[in-house]
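Both of the next two complexes hold subunit A, though its partner changes from subunit B to subunit C.
Up next, the complex of A and B:
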C-alpha cells in the first residue's frame, strides 16, 4: 500500500486564503509522461501476433480482445433469413446517430443496431463541450496545430485537417437540428458563442451547453433518428460478428436479439461501426468514466475481418475521476471545472501542475503525487484535491449555471463543493487510437466504415478536451454520406457469410494462439453475461 | 465492515454490502445486466429508471437506479424501455417560419391543451423538473419558458408513461427546445467564420507551423 497523507491532515494543509503558488517541476513534461503515465513502461504493451497489425504494439488486455476468436460459426447462421438495408450502423451514440442521419440525407435506407438503446453512449455523458474554431482570435490552423501538438504529432494530418476544417459546419448542423449552445454576454442578435479554454489549446475554443453538452446533443440526435421513418432502430441488438462476401468485403453483420435470444442477420451495402471505446475493459486496473457498453466490440470485429488498427497502445486517463467515495470511483469531473479555474492540490497543500496542461501531463502529475506519498488518503482511496471551495468562494454562482453536473456529482459524493474539495484520481476515459480510417471513415476493408472513438488517427496519442464530440460528428457525417454512396452495389446480391472467420481461425492456429478469449466482449465482467447460457435461458434478462 | 442489507429487485431477494447504488445491487446475484443501464452513475442517460418503495413507506417513487443508494428493505422494480408507436412526428427542418413555432408545436402535440393538472408528470420526474408547468407554458406559447423548464431533462420518458392524456411531455419539451434553437440561434462569430471558410480564407497548412506556444504561455500567465 502506497503511503498517503490522511484526509484530515491534508484538509488542514489546504490554503484557504491565497491562490497557492505552483511548485517548480524538476521534470520536463516528456520526462513526467515517461515516468508516470500508464501508457509508459515495459508492461504497457505487447506485440500483436496475428492480423493486419502483426508485430505492432497493443495494450496487453486489449490484445486479448482483438486476438480473440469469434463467438459464432457457420452452424449458428443456418436457416436465418437476412433482412436487408442500404447502410447498417452499429452503435447508437453520437457518431452512429450522425452517420444514420447523413446516410438518410444522402437517400439511403438505414438500420441502426444498438447494444443497449439508442443514445446510451459516452456521448450523452460528455460534459465539457465541443471544439470548433469560431473565435476572431482563433483559426482552423490553430485548431489543427493544437490538435497535432496535443497528440504528440502522432495523428494523421489529413484527418486532423478535416476535424478542424469541418468544426464550424458541424456546429451549424447541430444548431439546425435544434442543439442549443450557450452564448457569451450580450444581446441575442449579434451575440457570440460562449467559448471556454481547454487544456493544451492556444485559444478559447470549447462551445458548450451548460456542463451537460453531450446530453443536450444526444437527446436531440436520438429524437431526430427515432422520428425518421427511413431509419429502423434495433435496440438491445449487439453486433457479434460481421458478414463478408466471397471477395472479403464487409456485407453486413450478425446481431444478437437480446429480447428473443436469437441471432439476426442484416445484409447491407455498407456497414458503419460506431461502437465507441474500451473503458469498461478497465485497462491497467483503472476505474472508468465510460458508459456500460464501452467494451471495444468494434475493434475486435473490424480487426477480425481485416481492418488495420493504429495507436491501440495509447489511452487517455482523465485527470479528474472521483476517488472517494469508493462506490462512485471513476465517475468523471469535467475538465470544465479546471477550465474555469479550479486548482489541483496535493496532501501538503501544494499546487503541483498547471491544471490546463494537456490531460496526459496532468494525469501523470497526479499519479506522481500519489506514488510519492503526497496524495490524500481517505477510507482506502488515494487521490488529490480538486479545490472547488477555492474556486467557488469568489464565484459561487458558477454552480447554478455552468457547473450544474459538478453540483449534482458532489451531492452524490456527499460533499458540499463550496466547503469541501473533491478527492480525485485519474480515470480511464478514452481510446486514443482505433481502426485506421481515411477522411471519409473508410477502413482498409471495402464496405466497412468506422466513426467516433472506435476509429483512430484523429487524436494521435492524446486527445484534447472537446475534440471527441467534434470527431464523432465530423466523421460520423462523412462516413454516413460515403456509405450511402455504396448502396446498390453488387454487395446486395452475392453470397455472404463468415468466410473471414474461417480465415481468422486458420491464422490463429498457424500463429499458435489457442485457448484465447472470445470477442466481442459485449459487457464488463460484472454484467454477468455469457452468450450461450443467455441463449439457453428463458425469461427477461 | 458495514452491515449487509437486504432488498428486493424485480422480485429477487438480494443481500448486499453498502454503500452501493441500486444498479450495482441489481447484479449482485449474478443476474445478467443487459438493459436498464447506460451511464452508470452520472444520471444523464435515463436508462435505469425504476420504481422504488422504501421500507415502512406506502408511497412508490420513480428514481434512476444508478444514482440511488441501496437501502435495507427497499422494493425495486425496473421499468422496461419501450419503443411504442410514435404519435408525435415532425421534421425539424420542416419548420421554417419563426413566427409560427407555437403553431407548429400545437399541430404536433395537440394533446398539450388537454392537461388535467393531475401532477402525475411532476411526481414521476426523477430530476424534479416542473413538467406540468412546462406543458402549460408550451401550450400557452411561452416557448422560452417551456424550453427553460426542460433544460435538464434526461428523456427517461417517465412523464410520458405517467400522463393519462398522452401528452408526451418530455418530447413536447424537446420539440420546443429544438424549434426555438433551430430557428433562433444565429451566433455572429460562427456566421463570420463560416463565411471565411466559404471564401477560402481559412486554409490549413499541414506542415505544422508550431508557433503558438509562446502566445499560449503568455495567455496562461495572464
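Up next, the complex of A and C:
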C-alpha cells in the first residue's frame, strides 16, 4: 500500500487565501510521461500474434479481445432470413447518428443497430465541448498544429487536416439541426459563440452547451434519426460478427436481438462501425469514465475481418476522475472545471502541474504525486485535490451557469464544492488508436468503414479536449456519405457468410493462440453476460 | 501412409512460361519419345490406365483411339481449362505455373491422333493463366521445336489460346465445340460425339488440362512407373483441391487411391477448430455426399464410385459439425441455377425451383410442403437435360436429403 497524506491533514495544508505557486519540476514532460504514464512500462504492451498487425504492440487486455475467436459459427446462420439495406451503421452514439444522417442525405436506406439504445453512448457524457476553429483569432492551421502536437505527432496528418478543416462546417450543421451552443456574454443574441480554451491549445476554440455539451448534441441527433423514415433503428441489437462475401469484402453483420434472443442477419452494401472505445475493459485495473457499452466490440470485429489497427497500445487517462466516494470512482469531472481555473493540489498543499497541460502530462503528474506519497488518502481511496472552493470563492456564479454537471456530481458525492475540494484520480477515458481509416472512414477492408473512437489515426497518441466530439461528427458524416456512395454501386455479394471467420480460425490455430477468449465481449465482466446461456434462457419464450 | 507425390507439382518444373527452364528441368523428353515411336503412345497410356481428370474418369486411351481412328484430315486437340466449379482450383495452377507441361501433353495428343490444331480453351476469369499460356505458346512457335512435330504429324501444326465463355456450362464437351465454332455454348445431344464431329465439324479430341499434364511424364518414365505412383489397384497421381472446414486448405498432389482420412487429417491438418467431421462434397458440388462412414474410402475413380459417389475433379469440400448442410446445398444449387443455359425447360425451371425451395428452407421459412416438393423434383428431373447439369444439381440435393434429413426438418410446421 502506497502511503498517502490523511484527508484531514491535507485539508489543513490547503492554502485558501492566495493562488498557489506552481512547484518547479525537475523532469521534462517527456521524462514525466516515460516514468509515470500508464502507457509506459513493460506491462503496458504485448505483440499481437495474429492478424494484419501481427508483431505490433497492443495493450495485453485489449489483445485478448482482438485475438479472440468468434462467438458464432456457420450453423448459427442456418434458418435465418436476412434483411437487406444499403448501409448498416453499428453503434447508436454521435458517430453512428451522424453517419446514418449523412448516408440518408446521400439517398441510402439505413439500418442503425445499437447495443443499448440510440443515444445511449459516450457522446452524451462529453461534458467539456467541441473544438472548431471559428474564432477570428483562430485558424484551421492552428487547430491542425495543436492537434498534431498534442498527439505527439503520431496522428495521420491527412486525417487531422480533415478534422480541423471540417470543424466549422460541422458546427454549422449541428446548429442547423438545432444544437444550442452557449453564446458569449454581453453579445447580442446569435452574434457570438462563447469560446473556451482547452488544455494544450493555442486559441480559445471550445464550443459548449454548459457542461453537458454531448447530451445536448445527442438530444438533437437522436430526434433527427428517429424521425427519419429511411432509417430503421434496431435497439438492443449488438453486432456479434460481420458478414463477408466470397471476395472477402464486408457485406453486412450478424446482430443478436437481446429482446427476442435470436440472431438477425443484415445484408448491407456497406457497414459503418461506430462502436466506440474500450474503457469498460478496465485496462490495467483503472476505473473508467466510459459508458457501459465501451467494450472494444468494433475493434474485435474489424480486426477479425482483416482491417488494420493502429496505436492500440495508447490510451488516454483523464486526469480528473472521481476518487472518492468509491462507488462513483471513475466518474468524470469535466476539463471545463480546470479550463475555467480550478487548481490541482497535492496533500502538502502544493500546486504541482500546469492544469492546462495536455491530459497525459497532467495524468502522469497526478500518478507521480500519489506514487511518491504526496497523494491524499480518504477511506482507502487515494487522489489529489481539485480545488473547487478556491475557484468558486472568486466566481460563485459558475456553478449554476457553466458547471451544472459538477454541481450534480458534487451533490452525489455528498460534498459542497464551494467548501470541500473534490478528490480526483486519473480515469481510463479514451482509446487513442483504433482501426486505421482513410479520410472517408474507409478501412483496409472493402465495404467496411469506421468512425469515432473505434477508428484510429486522428488523435495520434494523445487526444485534446473537444476533439473527440468533433472527430465523431467529421468522420461520421464522411463515412456515411462514402458508404452510401459505395452501396449504390452494384456489388456481386453473391454468397454471404463467415468465410473470414474460417480464415481467422486457421490463423489462430497456426499461431498456437488457444487462449479460448471469445469476442466481442459485449458487456463488462461484471455484467455477467454470456451469449449462449442468454439464448438458452430465452428458449421458453 | 503415403507422402505427397511430386510429379505435376514438382517445384523444379514450376517455372512458368520459360521454355529454356522447362527443358533444362527435364521437359521435352516425353515428346521426344512420342515422336520416336508415335504408334506406342496410345498403348502406353492404356497400360498406364490414365483417366480423364475433368471429372468423368473415362479411360483416356479410348478417347484418343476414337479420334485417331477417324480418317486423316484436319483434326483438333482442345485442352479444356474452363474450370469453374466451386471448390476446384487445380487447372489454373497448372496453366499458370507449368504451361509447358500442359503444352507438351497437348502436342503428344496431336501426334497421337495426327491433329494440326491445338487450342487451349481457358476461363477468361483466370487472366494470369491466359497470360502465361499466350507467352508459352509464343515461345514454342518461335523456337522451331514444332518442325519435328509437323514432320511426324504430316501437316502444319498451329497452337492457339482461346478464352472460353467463362460460363460453367462452357466446360461441357459439346459446349466447348459450340463456343469454338462461334456460337453460344449450348450443350447438345450426343452422338455425334466431338471425336466424330467437333470444331469446324472435324474430329476433335477434348481433354482436361490435368489429364494432358500427366501425358509427358508417362511417355518419359513409362507406364509401369506411372501405375506405381498409385496405391492399391489405382494408377498414377492426382491433384486434390481441398477446401472447407480444414486447417490447411490447398492443392495437394497425392497418389491416386490415397485415403480420404489421410487427405483431410494428415495433409489438410485436420478439422478446423477440432470440430467433428461431418461430410465431404466430393468432386465439387454435383455428387453424392461422403460422410464419416466413408472416411476410409481410397480416393480413386472406381473406389469412390463403389460408394455411389464420384471422385469428379478431385475437389473435396469438407464440412464439419457446426456447418449447415442445407445452407451449403442451397448455395450450390443456386450456382447451378445461375449456370443453367436455359435451353432445356426442365433444367431451367427445375434448378430455379429447387434453389427457391432450398433458400426458403435454409432461411427458416420452409414448410413441410416445401420439403416434399423438393423430394418430388428429385424424382422427376434426372435425365431431362441435354447435358448433366440438372443431374448434378439433383444428385447433391437428393443425397443431402437422404443423409441429413434432420437438417431439412422444419420446426413448428
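We take it that the second predicted complex is superposed on the first by the 527 of 541 C-alpha atoms of A that agree within 3 Å, B and C clash if a C-alpha of one lies under 4 Å from a C-alpha of the other, contacts with A are read in each partner's own complex, and residues count from 1 in each chain.
One rule holds in what follows: a contact is a pair of C-beta atoms (placed from the backbone, for glycine too) under 8 Å apart; a residue touches a chain by one contact, two chains touch by 3 or more.
For clarity, every value in this text was computed on a predicted model and none was experimentally measured.
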{"item": "Subunit A as common anchor, with subunit B and subunit C clashing or fitting", "value": "fit"}
{"item": "Subunit B versus subunit C, judged by how many residues of subunit A each one touches", "value": "B"}
{"item": "Contacts of A:77 with subunit B and subunit C, given as first, second, both or neither", "value": "second"}
{"item": "Touched partner set for A:509, first subunit B, second subunit C, both or neither", "value": "second"}
{"item": "Which of subunit B and subunit C A:169 touches, first, second, both or neither", "value": "first"}
{"item": "First, second, both or neither for A:470, with subunit B first and subunit C second", "value": "neither"}
{"item": "Touching partner for A:65 - first (subunit B), second (subunit C), both, neither", "value": "neither"}
{"item": "Geometry of the superposed three-chain model: angle at subunit A (Cα centres of subunit B and subunit C, steps of 10 degrees)", "value": "120"}
{"item": "Smallest separation of CA atoms, subunit C relative to subunit B, angstrom", "value": "27"}
{"item": "Residues of subunit A that lie at the interface with subunit B and also at the interface with subunit C", "value": "none"}
{"item": "Interfacial residue positions of subunit A with respect to subunit C in the complex", "value": "69, 73-75, 77-82, 495, 497, 502, 505-506, 509-510"}
{"item": "Touch list for subunit A against partner subunit B, complex", "value": "116-117, 119-121, 124-125, 132-136, 139-142, 144-146, 148-149, 153, 157-158, 161, 164-165, 168-169, 171-172, 175-181, 183, 188-193, 201-202, 210, 212, 214-215, 219-220, 222-224, 226-227, 229, 233, 235-236, 258, 291-293, 325, 327-328, 331-332, 354, 356, 404-405, 408-409, 412, 523, 526-530, 534, 540-541"}
{"item": "Contacting residues of subunit B [partner subunit A, same complex]", "value": "10, 19-21, 24, 27, 30-35, 37-45, 47, 67, 81, 83, 86, 89-93, 147, 151-155, 171, 174-175, 177-182, 184-190, 192-194, 197, 202-206, 208-210, 212-213, 215-216, 219-220"}
{"item": "Residue ranges of subunit C in contact with subunit A within the complex", "value": "245, 247-249, 269, 272-273, 321-324, 326-327, 331, 334, 361-365, 407"}
